[in-house]
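Both complexes below contain chain A, partnered by chain B and then by chain C.
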Partner chain A sequence: MKLFCRRVIAALLLCAVSGIAHAQEKTAVRQGFELKRNSQKKILVFRPAVSVGAQSTGGMFEPNADWTEKSKANIRIALEKFQRQLGNEIVIAPEAYGEDARKVEEYMALFSAISQAVIEYQFFIGNRLPTKKMDNKAGIFDWSLGAGVADLPGAKDANYALFIYNRDAYGSTGRKVLQVLALLGPGIAVQSGEHRGYAGLIDLKTGDLLWLNADSQIGGDVREPDGSEKRVRQLLEDFPGSAIEKEAAK
Partner chain B sequence: MSLFHSAVAGALALTSAAADKQTVAPPPPPYAGVYQPQGVDEIGMWREDDESERKLAASALVIRDEKLNAYVRNVLCETVGADRCRSVRIYIMREPTINASMSPNGTLRIFSGFLLRLRNEAELGAILGHEFGHYEKRHTLNRFKAARSGTDLLAWTALLASMAPSYDARRSYNDLELSVYGSLYRFSRDNEREADFLGISYLNRSLLRPQAAASVFQGLMGEFEASARAKGLKKPNFSKIAFAASHPPDAERAAYLTLLAAPAGASRDNGADRYRGALAPWLPAFLSDQIKLNDFGASEYIINSLAASGWTPTLWMARGDLYRLRGNPRDLVNAAEFYEAAVQLDPTLADAYRGLGLSLIKTGRPSDGQAALRKYLELKPDAADRAFIQMMLPVQGVGQ
Partner chain C sequence: MRKSSLFALGLIPALLLAVTADAHKLRTSGVSVAVADSGVRVTPTRDWNRLDVKPGKKAETWTLDGTQLNDVTFYGGIEPGNPLVKERSKKREPLPKFTAATLVVEVPELLESTYRAYKGLAAFTVESTAPAKFLGQDGVRFTYFFTDDDQLTRKGEARAAIIKGSLYMVTFDAPRLHYFDHSIADFRALADSAKLN
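Up next, the complex of A and B:
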């Protein structure tokens, strides 16, 4: 009993400063949605949101400009490489100004809020809503950004829009040492580093969310060209109609 | 452990500031010129900040009125000087609360709620100068570094305490946690004092009245007190420092800002007329945002202090709206009186007739109320709520 108490106290103490690791990946497709290979559909890709940094010993995000710039470039190159294999035509969204830029910004924010809601309330164990759990069982995936997406710049010339988001915090040396010592000493798992990515496909006529792939422990070191390729592959491997081969093992 | 060094340094700076509190703030240090971020933390922070500014620039909350923006920018330049002013981009946000902030790359955000509360150009200069002080002293970076050292220390201590898990170890850890967080908040308050200090040294050197810095806080304290009184709460304590307070208490700030202001500046212009003129086109919108916060005491305090130099139709109408939205029968009688005062001064103020009509109908004077509503529709034929208002009017010419 006493030993148990000690474990609980120890766990509580470290939980205060560290998240505990869960491997999580999930994909969902809207019911009835099918994107055939070579169906001549056009997919509009918006500027990927990328933020890369380190994780301090205490768990804070330390932004790193150099890593972020490198990752942005690497991810763009990897996207270009994979776009031919996606099975449909990829169009990069034009740079927007003034009123258009405001609209794009609003929809980027809306997409991010909706994806977060899907991830939090439908996808992963923890905080799921009872209604969404029932949806999961019934295979229902019903979310929408609203028909206003049709006014986005470039939307007239495309069928779908693809949004991509990446956030990476690499464990600092201090964090890694803490992780090892916490495991060796009190036997507590401290997560070192945080790697989240998600990608979503929107119907540009109705605003419906057609496909979402979220991974809170996504692989691939985006600071390196090879790693970025792996990252983009993992983000897009379940893309409807894509010819990207799945990796045998993560 | 640099956290403890900085905490000690902060405490020392505070005592030295207390020692020369009697003296006027010295002139600001010479401007070092255009600054570029240095080191991995600062460069990373600026990049994140650039990204966030890109989003901000496209935000629907930003007020893009060129005249108002030019005016606020001009006040900043008058306060901090033309050279410093060039490193700043100002964003006025439509948000009815009291706040202004400055981020590391020179993005200055000021909320419309703050503009509504400030009473003259010198007060606006005091706020903008204070924010510029944060930027010049790079407070965000310093605070980030302090928070990182503090949480690093806590992570290691948590590990050590877990190795010897006893209630004593847990208690010591909790004590340390309190003192680390306490010192982070203290550090933040010291940053604010430093920014106040720098802000007033710009103001002393400018052509604006430096005494306005203290009057900002006197005004805010008056408002908070009025708000508490209307809610039936006891008078707030403006000298108490809460554990997690990010800013020094208002009474302390008002007191030291009074002492730091150059006495010779008291005879300078405070630019109240210019300020009022620049804000006039936005005043009805800002007042309406404020009234919707449902804080009767604060809203009435603001309207009354704006009316100190004379009641205008806009102010009468805002007061009418405030009372009508609270909506007790006694409030509606008062509201009707205020709307009447508004239309007497400006017989073309359509929305005042609307408020007048709605208030009169609810206080047993339907025919007077309907007359006012007709006048509203006559003045504003394309009103968005035309159909809704017409439902309250008997159909004319057709017997029912």
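Up next, the complex of A and C:
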């Protein structure tokens, strides 16, 4: 009886955790920011960061070069399709080399860290920081990459930058087996697979994050062309001024 | 399955995160407060958040925007024979210990070896070390850089002193891009306000 109760609690907890994930906010806009369609503003699009691998039984990320290359190509094609519908003029960031390439990479890593902090400490209701709770009540969404973004390659030719970050870890067979065994045995909820997708619009003068769509369990198998299209659509469908239709409305 | 194995797999922390609703506490500007279950008190000059999850028995973490972006950790009287933070597994992942023979000038090295082992870092560089007062005692102030597995290089600044055989320290870690410079003055004001009863 005791064991049965434990399993029921585990199952309820799993439902509660996934319920929280679904109820959680995913997008936010900086207070006062508005971007209308055809506003004559230029958006600098950086090459999306893509890393794909497997999730080991212990939950570690194991990169897979083949999946990553395939996904990069798929996402590039999908982005080329959707960026035309963003509602404003697109400028493709120039190919960066040497120090410039390192700088772009570090800002992309900072964008990812900010997105994770937003998800963990502002979007996740049960884990909100007290100061972020006060921000939310006042309608404040105040995050920044800093004014150093003005030195990124191509920044002088645009008003805003679009950063896109993807990291996908597909649950290995061992992880999936563990997920089942952990639930049936000690009654622990184990997540198999991790699919993070973040898209953000950044003011190229101040570095302020103007719009963010950040999801730690986003859809679309990026290893497949259809899945990548779904992913990019989900990342950009709420973009301010965008003409991209939501998938459900199709 | 043992409890330590569950921690190693990251299972229990995931569950704790889901059930520790509203657990972080506001640390209000101008209000004196005890930190790290020790005799140390600080008076912040702006509002901070104290995280509910403690990295160790005598350690406590504060942040403004999340630990990814600004992390202040207080170590309140680490006694000889103990690590700075709680070991995930004493057997498989032991951490370096503060000992009775540790000199205050060796504290930067202790933090480096702890970070290398605990965070699995490949790159950590101590940039500068200088004598400085902390908690009214002779101590050390040092700065450092490290690159985490999220490929982000973070800069750190710390103050430490050994008082009556125990180690007292406060560290500030933040990405070198924007976040370190943005909040270093707030950290220094916080560290300056620290007093030992």
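By our rule, the second predicted complex is superposed on the first by the 199 of 250 C-alpha atoms of A that agree within 3 Å, B and C clash if a C-alpha of one lies under 4 Å from a C-alpha of the other, contacts with A are read in each partner's own complex, and residues count from 1 in each chain.
Quick note on the criterion: contacts are C-beta pairs under 8 Å (C-beta built on N, C-alpha and C of every residue); 3 or more make two chains touch, one makes a residue touch a chain.
Please read all numbers here as calculations on a predicted model, not as lab measurements.
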*Pick one for A:Q116: touches chain B only (first), chain C only (second), both, or neither.*
second
_By the touch definition at the top of the document, which applies to A:G58: first (chain B), second (chain C), both, or neither?_
both
*Would you check which partner chain A:I77 touches, where first means chain B only, second means chain C only, and both and neither mean what they say?*
neither
*asked:* Is A:Y107 touching anything from chain B or chain C once the two structures are fitted on A? First, second, both or neither.
replied: second
*Which holds for A:P186: it touches chain B only (first), chain C only (second), both, or neither?*
both
*Touching A:T131 in the superposition: chain B (first), chain C (second), both, neither?*
second
*Which residues form the common part of the chain A surface touched by chain B and by chain C?*
13, 16-17, 58-59, 105-106, 109, 178, 182, 185-186, 188
_In the complex, chain B residues that touch chain A_ = 40-41, 43-48, 51, 55, 57-60, 147-148, 150-156, 158-159, 161-163, 165-167, 170, 173, 177
*Quick one: in the complex, what on chain A touches chain C?*
13, 16-17, 20, 58-59, 105-107, 109-110, 112-114, 116-118, 120-121, 125-132, 143-148, 178, 182, 185-186, 188-191, 207
*What residues of chain A sit close enough to touch chain B in their complex?*
6-7, 9-11, 13-14, 16-18, 51, 53, 56-60, 62-66, 68-69, 101-102, 104-106, 109, 174, 178, 181-182, 185-186, 188
_Quick check: in the complex, which residue numbers of chain C touch chain A?_
1, 6, 8-12, 14-15, 17-26, 47-49, 63-69, 150-153, 175, 177-179, 182
